[in-house]
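Once you scroll down, you'll see the structures, which are given as structure tokens.
Shared chain: subunit A. Partners: subunit B in the first complex, subunit C in the second.
For the complex of A and B:
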């Protein structure tokens, strides 16, 4: 009699599928950044700081204000519960795009704390991760000049919608967690420092077994980003006895193959760089362009070689050589993994850099 | 001879019974010395100016009555007498009954005061024909015949509509293009109509579709002769009704309601752009209010950070939940739209200004609604009018509340389910047996 009754019934059923409840946007407190530190005088537990944005009804001053709530608890969720009690609104993690680990926290295994981030459904897996120096809370508290929204500057740093710099290493929560759990690749974190009321993100650290293993300096960070992401907005500095110039890179490609020989296995790393000379302290000769290319190649080969050997020395593997090995060989996982662990310390790196300098950038 | 004698007498008796008490009925006896004839007509609906020339003058000039009868029979609008009932109907439709001796002669001499061709108001175009139809059915057929010179164009006037209104109805179609089964179905449905009064094509539309609780128009209503001619060439059937400058086109598909005649008059890419603009407008007016509620109250993480904060900020002074805010503003907007239709043209703009600008501004200042809400309502109102056929734009105005309701109770899932439901419903509809949610009405393309 009622042909639509089935449809209506179906619609009503579907409306029961809704998981999240009705809560107006102004009744939510948006957490923009979470900071995790080690408590100073306790052995166990964490200091959890949440940076909560306070929207204002005046569009001109909108969103400049924020509050930071800190609680100490054994687990993140306990601390979040406690903070919830302090805040009048419902905490919303939907816009939490930055997770900062305190430097001291990284001295211990952080695998356990990652649990909360991966289980909560409302945490975006594309949140950026970073390590705060000296503490995560210090990063949260910093209010750099000209910041329109709380933590927006960090989002601009890492999201590459704003600045694009080879010194800024970007890592996402999903990627970080994957690398943390996977065998054959080690996770890395950018180090966020505060200097003169501004952020400085130029270095990074590589973790091993959830702990801080090595910290790279500026130049190493740059080289890592070039290799890892084929990051082409880079300048290379060439400094020799009577020549000093900067090569601005247009495009870069870096690929490697793991070659197994009977004696010593090695990794062949091919890097191709194309670019122009951006600045020079001397008069450059267009006919000597091959010579300059050679200089670049030499410099960059050494840089890469040193970086890779440094990783090998500390037995960390942020490039994922081990993962590549596991993916391209057959056998049981255990056997492959054992084999790789015996190969890696003895591995040789053969880096080949090919440079194509298009011009010296000078009209004669 | 007996039969004819009774014909004139019974008719005269019947006419006198029915019309004697009406002021505008004329019973006239003409006498030229030899013969007497009777004239009966309703003087308000016949062309009085012509009576003298057509009937009176010849009657006194022609000396033989037989000659006069054959003169009457040769007149353009002479109609043969069938029976009393038929004759009564003719009188009501502006015919003159002449009773000559025993014979009854009927001549149509209808005068209608509504044959002026009007400017296209509802479906205006920038370029292209500027005039629409008139309210006179014959003028309309004339207009269409002048746009569609094809011998296969058939005009049928199968019946009068309505038990009491008895208005004339015409069906036009191109015999070569039309699908016979559709034509048959239309005629069938027209015959089944049994409403006392039908005065507009909208009403006829309601009566034709058996399921009269419909939300979407199943047939197209148009006032443009160029659209009619185009649709005739596409094999569609035009249903016209007396006293109405709009005609029905059957069958119609969804795409027809989204197309304007302007599309044919513009360069190819311009018209493609306009069509896509219309679909964007359709989606904005349908989904925006619901999406606002769904996103702000259920999933604010969909917004960009900046937008989320600015909406949150502008909603701080608003005391009511988002769906009440939306509903309040939408209803105000509907009131404004309705009011500006009813208002005289001279006051219309004032009402819009007062309503739109001042009310919107004041509502935000007073903290009743957020700034963003005003933008949304304005976007919805404007984009709704981008739908070229008015009937469809009304339907969409109603549908958005359905989506809003579903979203309010169940978030973005509700919006999704509502959308799917709407599509299901549109797919299930048919227009005179033809599928409704079909993008193009072009059978030939599909066959090849």
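For the complex of A and C:
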């Protein structure tokens, strides 16, 4: 009797192997990018566009085809349900690596729409986020030259496996959501534009209370990335009378402390740059290298100072000074947060840049 | 010392992620959680020292034999019965949580009964094995998953998107009101030594008593472990945002990106590793519970086969499946908190009991 028990148990276990939970790969549509826009003539709701990659069965021609479905609904899930009815396949969000918010959507609080992205289990928290100009759909529809897989170019831009540029601001969904929720730090989004059938990602916007508060230009974006992520693949331009050279940065470190004095509190920002000169329009003199360092320091100090003051003026805080204040002071969170809000507008910035130019390159 | 003893201690440090410990600690993140953790660590190290050393004084004997030999019969049977149930509850919490995680992250289309059946069949079959064999299973699983889990922990630490400022906010609240729930939750990471209650039967050689040095080492490893399981989710999801997450560590694993790993999303590797850890943890707990309860229940034989363990295990499975329906995630969480506090009480009682027994044994 008992030996059979094992066999029966085994057979019962085999019955668990019926796979009705999973759908085959050819019955799935892989969404690679989602775009969210504000509908043009409606007050409420969203235009949801899904970019679905069409796989090709021929391995030589990779599937570069895609379709875009757009639906308008009050919530994201309703729109996704409607698109499901259109596509005929099960929508699979497991490969969705890019989320694009339309520029107009960012004029209102987007905290609400983030709920869907954080609640769904199959949305990657490491998906890239960005804001699409003029609309998210335009970004989805663009098919740049040389793109071998749908949306792959965007992934290469942001993933840092392809291009590495100080103008491209990478932000992940989890990071964006964290900064949106935490008091004392404001989230930012790279702005993706289309120009001549190509992407242009050189600027960024900072959000305040879930709304677009300030748009940075190219150079400010660069400075922000250098400060925020200690991004060292960057060139600094030094332009003065009868001298014009580019410094290629090898390493950079940026640290700050909030100093509270009786009169005016200030933030001490220490930036250390090491680099070599990459290109110059004039003959450079190796003995004058200290002078050149001084020039770099002056230029970069004003750039940083201007950027930080611009943030302060619009009372946005993408650097997380507020969070740092909360992290270094005692008291209840409410009291600290209130105190910080009164401190921030009056804050002074003391930026100190130290530059070490290691050489003038291979030639003088 | 036997290497299997280390495995038992490490097991709970890994399993705490599934056992809702991070969630309890995170709920109290602005309530003096740091000091609570240190109190929990100190208390459990004391329990550890006393319990493990007293067990090692009786080589080759499990707790049921020791208790039965030195205490009156009514006390021994009721005490062992309650302790046995505690082990089953520990196994049940891990199982129920992981069933829920499976449904949420792996396959939401699967019915919960089906998932429960799948996990229970493995755990029950494991619990009915010989004590020795469960240890071998534990060794295999730990050897495979421990390096990878450590790798994920390290990878998560060296991420430029990790916010250290969010974590420092927690430290600012170190000395606020201390909660007993977080003390209990912190002590969960250390309770692996309780498995000695049964596994001491295998350690037949006389070993030297544990040195304070070893206890300190365990303390340091455990403290690092608890702070990892509390702080890293906060660093990834923010001090204000983390409160919304049901399974902080799984959401955190999803925020880690390995461009050149086997799979870009670390979540799936993490889930895979934790299936193993939670199943072996539930198996070891329920095996210990089974052996303890078996020692107080009368034996029930049919054709020379012992049926009592099977009846107990079936009962456990039924309770787990019923708990699936009557103990949804929110209630299970509340229940787990009570369990953590109970764990402290049991630890206290056990410590005094063991001291008393060791004294009697000397006479």
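A few remarks follow.
In the analysis below, the second predicted complex is superposed on the first by the 341 of 364 C-alpha atoms of A that agree within 3 Å, B and C clash if a C-alpha of one lies under 4 Å from a C-alpha of the other, contacts with A are read in each partner's own complex, and residues count from 1 in each chain.
Convention: a residue touches a chain if its C-beta (ideal position, glycine included) is under 8 Å from a C-beta of that chain, and two chains touch if they have at least 3 such contacts.
Worth saying up front: this structure is predicted, and the values here are computed from it rather than measured.
Once the two complexes are overlaid on the shared chain, A:124 sits against subunit B and subunit C alike. Looking at the shared chain after the overlay, A:152 reaches subunit B, while subunit C stays out of its contact range. In the superposition on chain A, A:39 makes contact with neither subunit B nor subunit C.
When both complexes are overlaid on chain A, the residue A:24 reaches subunit B alone and has no touch with subunit C. Of the two partner chains, neither subunit B nor subunit C is touched by A:144. Residue contacts after overlaying the shared chain place A:326 against subunit C, while subunit B stays out of touching range. In the superposed model, A:56 lies in contact with subunit B only, and not with subunit C.
In the superposition on chain A, no contact is made by A:265 with either subunit B or subunit C.
For the contact definition in use here, the residues of subunit A common to its subunit B contact set and its subunit C contact set are 16, 20-22, 124.
Those residues of subunit A that touch subunit B in the complex are listed here as 7, 11, 14-18, 20-26, 28, 30, 32, 53, 55-59, 62-63, 92, 94-95, 97, 122, 124, 148-149, 152, 155. Taken together, the subunit C residues at the contact with subunit A in this complex read 30, 104-105, 107-110, 114, 117-118, 121, 125, 160-161, 163-169, 171-172, 236-241, 244, 251, 254-257, 259, 264-265, 303, 305.
Listed in rising order, the residues of subunit B touching subunit A in the complex are 296-301, 305-306, 308-318, 321-322, 371, 406, 408-411, 413-414, 417-418, 421, 424. Interface residues of subunit A facing subunit C in the complex, by the touch rule stated above, are 1-2, 9, 12-13, 16, 20-22, 118, 121, 124-126, 159-161, 172, 174-175, 177-185, 229, 320, 323-324, 326-330, 333.
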